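Take a look at these structures.
Two complexes are shown next, each including subunit A; its partner changes from subunit B in the first to subunit C in the second.
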Partner chain A sequence: MKPRTIKALLKKDMALFIGNRFYLFITILGLVVYALVYFIMPSELDERLSLAMYAPVVPPAFEQLAVGGIDVEYFESEDSLRDSVISGEFDVGVALPPDIMDIWAEGGKPGITVFYASTAAPEITETTTLLIKELSYLQTGQALHFDAKTEILGPDLLGEQITLRDRMRPMLVILILLTEIMTLAGLIAAEIQKGTARALLVTPMRTSDLFLAKGILGVGMAMAQAALFMAIVGGFGYQPLIILTTLFVGSIFVVGTGFLIASIVRDVNAVTGWGLLVLILFAIPGIGAVIPGLLAEWAKVIPSYYLVDTINKVANYGVGWAGIASNLGIMSGITLIIVIGGLLALRRRFQ
Partner chain B sequence: MNNNAILVEDLVYWYGDLLAVDHINFSVGNGEIMGFLGPNGAGKTTTVKMLTGQLRPKGGRAVLLGYDVAKHTAEVQSRIGVCFEHTNLYEVMSALDNLSLFSDLFNVTDFDGYALLKRVGLSGREKDRVSGYSKGMKQRLMVARSIVNHPQILFMDEPTSGLDPVSSEAIRNLILEERERGATVFLTTHDMWEADKLCDRVAFMNEGRIVALDTPRSLKQKYGKRSIIAEIASGDGQLNREEIALDEEGTSHAVQKLFGSGKVLSIHSEEATLEDIFIQLTGRRLSV
Partner chain C sequence: MNLKRVWTLIRAEILHGPKDVVLAMAVVMPILMALLVNLAFGNIFTQRAELGIYDRGESAIVEILAKSESVSLRYYENETDLKQAAAAGAVDMGIVLPQDFDASLPFGKIKFEAYVWGESLAKNREVIPIVLTDAVRTLTGSELPVNIEAVALGDEESVPWSSRLVPLVILMGIFYGGLMIPSSAIIHEKQRRTIEALNVTPTTVGDIFLSKGIISVTLATFMGIVTLILSGALSGPIPLIILVLFLGAIMATEIGLIVGAFVNDINSLFAVLKAGGIFLFGPALIYMFPQIPSWVGYIFPTYYVVRPIVDLSISGVSFSEVLVYLSVLVILVILGAVLLVAVVRRLSTRALRLGS
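So, the complex of A and B:
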């Protein structure tokens, strides 16, 4: 490896990157758009609950809902209540039976119907159910007919609700990293397709020099953009060193994946197809950070899960090295395998 | 150490079941221009790839400037220049930046891009993007790139293919200049006229084998048939053509008889071309 060779190759790769308007465009556009998406998302938590209710007779305990931080709107019929939920006006509708007070007076259990919109978040359904049970208890003074046992799994996030924009941050930064897969794979595929790689390979330069230069460019581009994004969106609030380390591992992962894609595609157009496929697959764990509890356990087989989870835990909850060590270890191992696989596949392609 | 710039011994290469290069042997002397001729698929490109370190031979060996290419690829590649048939330049970069990149890869210490571009007739366009160049200009830049390291052996693959006469002539002159400098030139071409004009020796390759290797003159003498063609006026105002083979027993008598008739309007000699000889040897045309 000669420094002059690596420097010349890097200079050339930068010229090719800047000279390719498509890659330059998607890189700048991606950074700007993802930052914009972050900033247009709500920056405050909306902790008020809106409730639609049909109650021919309103039990006194239920009248306290309005003063308890819950917006209640009463409907004249159960049908109109249903319609308001179906139309999306409300996430939750509660229908009380007309003889609710009599049933309670006789010691019976009234049937209360709760309607949930299909788009209602799991937290809302749980909160509403608990709320009604609590109000029933308040009204009748009777204990609930079950024992409640609560066990908190993982970090106790009670009182640490995260705004939607911050929950999106891990997904957005991963998307920025992943976009560089297409850029890097595209640059390599173009070198093969246009024959410039052949011209390089009849010089004293070694194939490893070529890969090293591409790797440095890929890591540099991905890391710089991801770090810039995190700086813009305040992602270095906790443990910046862990965030930078994670982004660095992620950038190497991006390079390895870029090598793999470049080794299998026949032309630059195919890079876009494969790149999008990989981007969609690797972006899935990001959705899990936006909507907690949405992803099943199988999502952990997607390598990017460990990147997203680490960034989420560190940037949003301030988890330290001990809390993410296993994630980083697994991610580093996967990255190593992908980089070695990518190098071997690409070397074979160049020969 | 001998005087051979290139020594090829029993070189073999195959792709799957296809034997692309079939145990070929030849040598090229220092300062010699060797023409490598053959139709598409004859094995020329595979041979050049092995000589330039792009492919590892499956058998035999290629020694360039005393180095076995397979074992000392970097040493060989630092001393050779390769001009490809198809343009493979960095088109978003300028001509100067293209040459500068390769001078860095070859670790050239006395690089003068402006002077090099002047040699190939690209003065004044040094900093233009290559994408704006014509085909001839790109090919001249390809040639400039192949000599950026002052190579001891220059491999040129169809350097004038599809070019206008001015660009072709400029490239031929540059090849001769490189030979004057002391470089050995390995020229792959379909252009028989070009091979005849430039090459000290030519090798005919067909189906992975070298079927003939000699100077153009010797090949013509060995395989060609010389003749003269005369145009003769007939009595009814028509023109008749008569061909008389040279180097035959009755040639002298036939020529005397022709001129004795007093009706010869014009006469010119016919000489076998390398194309004719190739067809005679292989039954195939070179240009297919």
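So, the complex of A and C:
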């Protein structure tokens, strides 16, 4: 290994990267777009049901609505209630008759109107109707008594749930890392296709120097973009060292995969095809972080699962070293195998 | 421009052009995505609470719960699976019904065990017990103490999530092939210097671009139709929908040809797609996440492809209601054509200079 040679190669690749202003601009723009996707997502969760109500007389049972997970806004008239639904301020509005208590007292059935926006999801309308039914039963002394043994699984995050955009954070950062697979594989494939790699190898430079230089470049590019993204979206709020370590392991993993792809493709065009296939496969665990419970156990065979899970656990749940040690261990082991496999395959390709 | 030469180029491109991974991806990816959306992702974005159930007996309440619009019901074979599902967030709440659940109801005993996912939303924790209570009341035949009238306000219809994902599938169908095929074909020609070779023949740069464009528009339109069929969304005025798909395919091809003209290698093409992908697929995000204000859609050119298709095929609106979007799409296609002609002229002039 010759540090001077590696330094020269790195200098050459960096000069090529920075010299290509278009490529540099697009890389920065890509990062900005990923950050925009994050910031365009709602920063708060719609955790409670919202309900508009016109109730000249509020039956005592209906007052319980505000105690549960329901936000009730009362309106002065039925017309203003209807307007609030038509304007889209509320999906559903409930109008109680002024003599509701009298009708119940006389043993009758009052008429309640549920106004719903035609664009409202059917579940919202049905839930509201069920709610009104149940409150009416309560008000007329027909409450049901459950004998339920309830257990909350996992940390109870009621009121502190993770927003969609924060759930997306591990997926977005993994996508940023994974796209570098194609960049690195493309760079190497281009060198092979143009014959510059072979030309370099007739100099005193050794294959290992070339690989190391490409590896350092790949890790640097992937790591810098991923770390910058995490810094922008507040991903270093908890345990920044763990996040940085995970991104570093992820960047090496990306380099190893890039080497593997570069060793099997015939030309640069094929890098895009193979790269996209690999990217889609490795992005699946990211989708699992956005939609909990989506992935089955088999998803754990996808190496990127351990990266996504670690970032998700640390950035969103504040888990420490002990909680992610096994993930990091597995990921490091997989990375080592992929890097060695990639190096061997690429060396064979060069020879 | 000579149509005979263009046809010769099209034949040559089809018979001897690159049959590489890009072509395979342009065909395979949209189909895979359409199938995935249809089979796996159709129901995951609803606002319904997820209820898991393990029935030790054969309670009739399960059938009642299955008909509920307020919850999505999942069945489990044993308590361990149910508990795991609740712990992983696959369900908001998992309930275990005892063997004698139905038999004990007449005695006023409603007994069960419940596992609640710690991250489930407050509203879901509120909704599930209400749905359960209603199912028990239905089972026991309780008389409702009110008359409830539900009144719909507005003319538009609610669009379920399975339909909201259709825009993504449409865009992938049209733009994967429409953009990737011509851009990579032009880059391929540039890299192999076959464009320069063709320049010494009577063939013009315009002929080359036109031949690649025709292939791309045909493939993209076809893929758009295939993905719509696979998504079960090809309904309504089909000729009009195909016209919109065709215009969308032209737009995608114009972008692909312009990108191909300026980009010299696949790496740079990929970089353009990496950064520009959001501008192409942005409208799909707007349909997926209603929290994003709908006006954001108007800034994306591809919105004017997606909106008329969704309106015509899913919302069932008339031609006059999509005319504005269709007009904008036609204007965008014309603008793209003007820009493309300018680019081709510039390339032709450069080629002439190089030739002399």
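Note that the second predicted complex is superposed on the first by the 228 of 351 C-alpha atoms of A that agree within 3 Å, B and C clash if a C-alpha of one lies under 4 Å from a C-alpha of the other, contacts with A are read in each partner's own complex, and residues count from 1 in each chain.
By definition in this document, contacts are C-beta pairs under 8 Å (C-beta built on N, C-alpha and C of every residue); 3 or more make two chains touch, one makes a residue touch a chain.
All values reported here derive from a predicted model rather than from experimental measurement.
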Contacts of A:A213 with subunit B and subunit C, given as first, second, both or neither: neither
Subunit B versus subunit C as contact partner of A:G195, first or second or both or neither: first
Which superposed partner A:L346 touches (first subunit B, second subunit C, both, neither): neither
Partner chain in contact with A:F115 - subunit B first, subunit C second, else both or neither: second
Touching partner for A:A52 - first (subunit B), second (subunit C), both, neither: neither
More subunit A residues in contact [subunit B versus subunit C]: C
Shared subunit A contacts, counted only where both subunit B and subunit C touch the same residue: 20
Touching residues on subunit A, where the partner in the complex is subunit B: 2, 4-5, 7-9, 11-12, 15-16, 19-20, 194-196, 198-206
Contact set on subunit A toward subunit C in their complex: 20, 22-23, 26-27, 29-30, 33, 36-37, 40-42, 45-49, 68-70, 82, 85-86, 104, 109-127, 129-134, 136-137, 139-140, 142, 144-159, 161-162, 164, 179, 182-183, 186-187, 190, 267-277, 291-294
Complex interface listing, subunit B residues touching subunit A: 52-54, 74-75, 77-78, 80, 82, 84, 86-93, 97, 100-102, 104-107, 145
Subunit C to subunit A touching residues, read off their complex: 18, 20-22, 24-25, 29, 44, 46-48, 50, 68-71, 83, 85-91, 108-119, 121-123, 125-127, 129-134, 136-137, 142, 144-160, 184, 188, 265-272, 274-275, 277-278, 285, 289, 291-292, 296
